[in-house]
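For reference, the structure is listed below as structure tokens.
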Amino acid sequence: MDAEKLGSLERIDRRWIFLILALVVGIAVIVEPVFPDRAGELVRPIFDHLDALPAGTPVLISLDYSPSSAPELEPMAAALTRHAMIRGLPICFISLWPTGNNMAERLESGVLREEYPAAEVGKDWVVLGYQAGGELLAHAVVDSLGARFRSDVRGVPLNELPALTTVTGLRDFGLVISLSAGVPGLKEWILYVGDAGHVPLAGGCTGVGAPQFFPYYPRQILGLMAALKGAAEYEAALSARYPDSVPATMQATRGMGPQAVAHLVIVLFIVMGNGALLWRRWRSGRTA
Amino acid sequence: MILLLITTVLLVALIVRSILLTRRGRLVNVRPLTPVEEMIPAIDSSVASGSPVLFVPGTRDLDSMQTVAGLSLLDQVARACAERGAELLVLVNRSLVMDEARERCRIAYASVGRGDDWNDDNVDYISDDPLGFVARVDGVIARRRPGACFFFGFFASESLLLAEGGHQVGAIQIAGTASAVQLPFFVAACDRTLMGEELFAAGASLSGDAALLGSLVGQDQGKWLVLILLLLGTALVTLSALGWAPAGEVWTVLSGLLPEG
Amino acid sequence: MIRLRPQHLLSFVAIVLVVASFIAPPGGDEPRGVASLFAFADSQFSSWFGVLAVFAFILGGASLLRTHGRRVRRREGDWKYSIVTLVSFLVVLVVGLGKFGGPPGLTGDPFSPEGWLTRIFSSVLSPLHATLYSLLAFYVASASYRAFRIRGWESSVLLGSAMIVLVGRIPSIDSWTDTWPTVFGFLRMEAWSLWLLKVPNTAGQRAIMIGVALGIVTMAVRMISGLEKGQGGRK
């Protein structure tokens, strides 16, 4: 191969990379390839824990993300919501972020009301919503939800919500899950609730944030869903266990098709660049 | 909690002791930080090409230690820019940081007799929204084409957006953050990166102030203390697991002194 | 007579907060006596900073209006973008303060779903956020292509780790490696990927955490003692 052409593979203009990536991912989005997945070592404990909870045990999901992280975290929230609905576990949604109320509203309209029309707000799920305070909010409700929440977002007092009749504080939930895109988020739940309050805790996070939570597994968190892959693994576990109760292909699994393709394109470019680099070195070693 | 208190007191004592010793004339030999050493040449390169120098002190407010560390580096960068006649642009996304940055730059310029050259409008408050901030910073980079970009402080997902923007115009980029998850992006996209604790040490290193350098010595001594405790804990747990009862007893006593969790 | 300087205030508040974290830690027993004073200070000082930051919005907003207004008046570089900035700022400010479309009055929720502010958030800001976020995918590709090169042993290790994690995180990779002969089991990328994240990554993260904590303590000592002259310690 011509040395100059080969050398250009080492210095591809980034606009070509953008264009090729956009084309390939765009085609994948249209074609919608589905790659079967299965729950890995970090996701399986969350699924198994939730699956083993007796019906009627409430779970708490903290929606600590904004719309910019919703593509990664909302599928996790949706999968957890479906799992809880199938198992008959009342869900309590709260948030440490101001955008949490919007995120809960999206889950209510997109999953709960659409797929579970028989489910009732207040009985099968509750949205306590956002309160200011960050990690101090999480800490304050360890012993008593009422310390910071007087009612749900509709204004119904806590003691009139059937979903929370067995709940005083966070320790009365079967599982607390934080879906976290930053600060305050999963780390604060670990520091102020999981460790200090001895509350069973699991987490979901964006891909970028995942490496910082691995040190906490498995002692402080029983499992971790990392990025869209984690959500897809949870969906895979859900589909495998309850194939008739969930949509055939869910959001994260659909999204992993284009993502897998993108990974392969990036790997290809890296291999190409290094291949050209090694070839050039070999050639210059030969001619020296 | 008691063990934590003792460790903290020891650590602070080591730092204070080192500061006092260096103040009394004890020489300090601090390993040069390559990113710090390359900051002045980067500013010189900007002057030579007639380009401005861009500085972003992170995207957190003044209550973040990373922002404070970034601003302590701004002191030095502003002084260097004032000495060399380089135009300094500081873009911030918090009002309090804007105010503090303006004051620091004003003082830095005045300290080298160039007080009249400083314009407060060179510190621009953009938006509290991090992505809106990044969009503007990238726009400034694309239009003003700085010769050097310095990103020091806390960054979230905007780290790669900023670094790629600077790379696109061929700027020399030096970054530093204590956010471990953002370090890979800066390492991949910037020329030099200060990692973790180096961000907090950089201001002291660049200033050359004896007392500040002394604090770095104390910090390193504190690291030895932590290392000893780690090795001690590891040894006790290992020996206990191998069946040596005294090790287990000592470990039980020590772990009872730790905070819960 | 000692003249009170900002440095004295900084040192006093910092020492109170440090002491409070030991004698009235969050998650501990209800503090009593002197400890309750420190706990009160701990909770209140953080809130006061939040109040200061809110008032600082006025400072920042005024600076924004002044800077962009001047650019438009003098037709300085990119003054048309400044018009966009000013119009957006004023529209959202008026809509938010006026609570148009939502429950009115002082107690009306400015973030009600039917309010214009919420509609601006979901129709304008959210898509813009998503757009900027999506740039990351392209930038990761170009940065990876540039950075992961076999230049030396360190960059080769970085390249190898990146390739393992990239490939190991592809869905169905484990279904494919299930079909391999057992003798090649040690090459399973998904297992190597998980090992990299659980072991070397965890070690590195913990090391950085410890280093950062030490750096913060050192920085705090410098600030409390007035060595960091930028923090009100200026002579």
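In this document, chain identifiers A, B and C correspond to the written order of the chains, with residue numbering beginning at 1 in each.
Operating definition for what follows: a contact is a pair of C-beta atoms (placed from the backbone, for glycine too) under 8 Å apart; a residue touches a chain by one contact, two chains touch by 3 or more.
Source: prediction; values computed, not measured.
Student: Considering A-B alongside A-C, which chain pair is linked by more C-beta pairs in contact?
Tutor: A-C
Student: Which chain has its C-alpha centre closest to the mean of all protein C-alpha atoms shown?
Tutor: Measuring from the global C-alpha mean, the nearest chain centre belongs to C.
Student: Among all other chains, pick the one whose mean CA position is farthest from the mean CA position of chain C.
Tutor: Centre of mass proxy via C-alpha means gives A as farthest from chain C.
Student: Nearest whole angstrom, what separates the Cα centre of chain B from the Cα centre of chain C?
Tutor: 15
Student: So what's the Cα centroid distance for chain A and chain C, whole Å?
Tutor: The answer is 19 Å.
Student: Report the inter-centroid distance (CA atoms only) between chain A and chain B in whole Å.
Tutor: 31
Student: Find every residue in chain B that makes contact with two or more other chains and list them.
Tutor: 131, 157, 180, 260
Student: Would you pick out the residues of chain C that each touch at least 2 other chains?
Tutor: 27, 129, 132-133, 140, 142, 144, 146, 148, 205, 209
Student: Would you pick out the residues of chain A that each touch at least 2 other chains?
Tutor: 14, 68, 196, 211-212
Student: Mind pulling up the chain B residues that touch chain A in the complex?
Tutor: 131, 156-157, 168, 180-182, 260-261
Student: What part of chain A is in contact with chain B in the complex they form?
Tutor: 14, 68, 182, 195-196, 208-209, 211-212, 220
Student: Quick check: in the complex, which residue numbers of chain C touch chain A?
Tutor: Residue list for chain C touching chain A: 26-27, 43, 46, 111, 113, 118, 121-122, 126, 129-130, 132-133, 137-138, 140-142, 144-146, 148-150, 159, 162-163, 166-167, 169-172, 174-175, 190, 194, 197-198, 201-202, 205-206, 209.
Student: Any idea which chain A residues touch chain C in the complex?
Tutor: My answer: residues 12, 14, 17-18, 21-22, 25, 35-38, 40-42, 66-69, 71, 98, 101-102, 105, 136, 139, 142, 192, 196-197, 210-212, 214-215, 217, 229, 232, 253, 256, 260, 262-267, 269-270, 273-274, 277-278.
Student: In the complex of these two chains, what residues of chain C are touching chain B?
Tutor: Counting only chain C, the residues touching chain B are 22, 25, 27, 49, 52-53, 56-61, 63-64, 67, 77-78, 81, 125, 128-129, 132-133, 135-136, 139-140, 142-144, 146-148, 204-205, 208-212, 214-223, 225, 227-231, 234.
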